[in-house]
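Heads up, the thing below is written out as structure tokens.
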Amino acid sequence: MTEAQNPALEEADSHQLVSHEQHLAAVEAVLMVTEEPVTAKQLAAAVDVSEHRMVALLDQLRAEADGAAGGRQRGYELREVAGGWRYYSRARYAEQVSAFVLGDQTARLSAAALETLAVIAYRQPVARSAVAAIRGVNVDGVVRTLVQRGLLDTAGHDPVTGATLYVTTAQLLERLGLDSLADLPQLSPHLPGVEDLQEHEHPGM
Amino acid sequence: MTEAQNPALEEADSHQLVSHEQHLAAVEAVLMVTEEPVTAKQLAAAVDVSEHRMVALLDQLRAEADGAAGGRQRGYELREVAGGWRYYSRARYAEQVSAFVLGDQTARLSAAALETLAVIAYRQPVARSAVAAIRGVNVDGVVRTLVQRGLLDTAGHDPVTGATLYVTTAQLLERLGLDSLADLPQLSPHLPGVEDLQEHEHPGM
Amino acid sequence: MLPVGMLSAEAETTSGFQVRLDGFDGPFDLLLGLIAQRRMDITAVALAEVTDEFLTYVRTLEPEKALDESSNFVFVAATLLDMKLVQLLPGSEVESDEDIAVLEARDLLFARLLQYKAFKQIAEQMAAAAAENAGRFPRRPGTHPEMAHLLPELQWRTTAEQLKELAERALLRQQLEPDHVVMEHLHTQQVNIQEEMASMAEQLRSAGACTFGELVTAAPSRLVVVVRFLGLLELFRDRTVEFDQQAPLGELTVTWSGGAHDDAAHAIARAGAEWGGSGHD
């Protein structure tokens, strides 16, 4: 096997003679077994390099997969979403891939589901009644389905009314391909009292 | 993007000008995101090439991942398991992978995992979506943990939806000190029957 | 009413737009500051009036300046609307039914529509993001044969009987949570503006005239009061009813001015359309 040692790329404080290529491969190996986006910090701890170095490794892997380094463009891409890194199939092969992925992943989000998600995204943690008041319709069924699909999660109860409170999940961000909710374009001008909302913006994400 | 046309490698009967690289990438895309090994035949159908040609593509991808073609050896390898193909993390990075996995694993099952196991024990064979409908939350993560723990196993697919079905294992019976599933304590007769559950199985959005 | 000069120093004045209202005369931003500091009652500010004034003002500006001022205005107005909404939405603290009645109805309509529109736009953006992302599927780890060895030895203490109880509890919980959970305990309910308008039209048609108090006397909640008030305004737009109020905060008398038949139908249909999906998803 190739052991392309490149001292210039080693951590100065590394006491092991681990090659740059082995670090890249170790990151790939970890990303193969993760079930959600993994932060550079988590990866850095597992591979035993600095977080700064890990970001450089991840950037290189991303560029490689995209064919930027001269190799062929891969059928997968390494993306930074929901605060972490994860391999995804490349959108141009959606047709070939979709035969193998089931149900929830391909199901479209209805207008009702999207509006409900929008309200909860900006008002979280929030009770269903508050969402219903804004949307003007009962949202119980939609909310329950969204929880089952992992796009919403419960987050305790309203201290006064006892109503269950809901928050959006990292899976929603993944579904939208966003690193954080702040990446939604034109977040602020839409809504009143942006300052008030920001406290609630990312509970437990 | 590179469009490395190689007529010699094209299917003789291919009417589309699809490059060899795009075929490789399409196979990579599928293998990267499927949860279970996929047969060459299934892949051939999805990518629209002959099965014979697909085996050659898979061999090339395997060699590439192993660094045989001159590139670096990857942290993943393409393995043929039980007649199907899938990317796995490479055994030599087990140390880093285990450092990552151990980071958030405990010796005991969570309450969510135990409840999921209990529901599956009484409703098997059952799809994750049905368990999610009963429990009201997404169960993908806990089901995977239970499979890893050897307490659950897959048992084919739902003939209608294609969803993977899960059953409990002999190991669970052993831990419970039971000889067979028939020895599980009877559920209260007032609970909803399996028929009722099926309506909730695939909530439309 | 308020010594504006004394306060202007503590408010950030970024807008050149001046408002002239009953009891307030000064920069628009300052208005927000005063309300935020609870030195002025938000419900006393007629935003529709302010908006009309602003539109007149902004037409006098150069395009670039107008854009700056407009976005600032929208921000401040949105903040004001939010404050109003806090007081209007179910579950909030409104002092009395009179508080609601004194609100400019157009403000309320405007506020609700603006808020709903904002969320609709966000939903559209989310839909676009989801569509943009649709062809990508995440790597799923599946089961790795080696992974089992990496896990710490499982500590198992659950008996078959406990497992049964867990299953029963899960199945029972599902049974207890039917599809449409009753909303009463959540302190809200859906109100259909068309139904409210139809019943008020019926009541007014037979009585000739009622006070607002009489029209809402049987209202089960504040939300119904608000919806009925909005419904009345819709009827008023078509001159199907007339209002009479002798003094500010005084009793509001509603007089039927339509005929004996379906004069209210147009207003009801329009209200149904404007307020979108009257209770259905």
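Should a chain be cited, it is by its letter among A, B and C, assigned in written order, with residues numbered from 1 in that chain.
To be clear about the criterion, a contact is a pair of C-beta atoms (placed from the backbone, for glycine too) under 8 Å apart; a residue touches a chain by one contact, two chains touch by 3 or more.
Which protein is which chain? UniProt says A, B = SMC-Scp complex subunit ScpB; C = Segregation and condensation protein A.
If you're wondering where the values come from, they're calculated on a predicted model, not measured in any experiment.
Shared contact partners of chain B and chain C, listed by label, are A. Taking each chain's centre as the mean of its CA atoms, B is the chain most distant from chain C.
Ranked by how close its mean Cα position lies to the mean of all protein Cα atoms, the top chain is A. In this assembly, the C-alpha centroid of chain B lies 46 Å from the C-alpha centroid of chain C. Rounded to whole angstrom, the centroid-to-centroid distance between chain A and chain B, based on C-alpha atoms, equals 20 Å. If you average the CA atoms of chain A and of chain C, the two centres end up 32 Å from each other.
Along chain C, residues 137-141, 144, 147, 177 each make contact with two or more other chains. Residue numbers of chain B whose C-beta contacts span two or more other chains: 32-34, 88-89, 97, 101, 133, 136, 144. On the side of chain C, the complex with chain A involves touching residues 71, 74-75, 78-83, 85, 89-91, 115-116, 118-127, 129-130, 132-141, 144, 147, 177, 179-181, 183, 185-188, 190, 223, 275-281. Remark: chain A residues 31-35, 76-77, 79, 86-94, 97-98, 101, 105, 108-109, 111-112, 114-115, 117-119, 121-122, 127-130, 132-142, 144, 161-163, 174-178, 184-186, 189-193, 196 touch chain C in the complex.
Chain contact summary for the complex, chain C toward chain B: residues 137-148, 150-161, 163-164, 166-175, 177. The touching residues of chain A, counted against chain B in their complex, run 1-2, 4, 21, 24-36, 38, 42-43, 45-48, 67, 71-76, 87-90, 93, 96-97, 99-104, 107-110, 112-113, 142, 144-145, 147-150, 153-154, 171.
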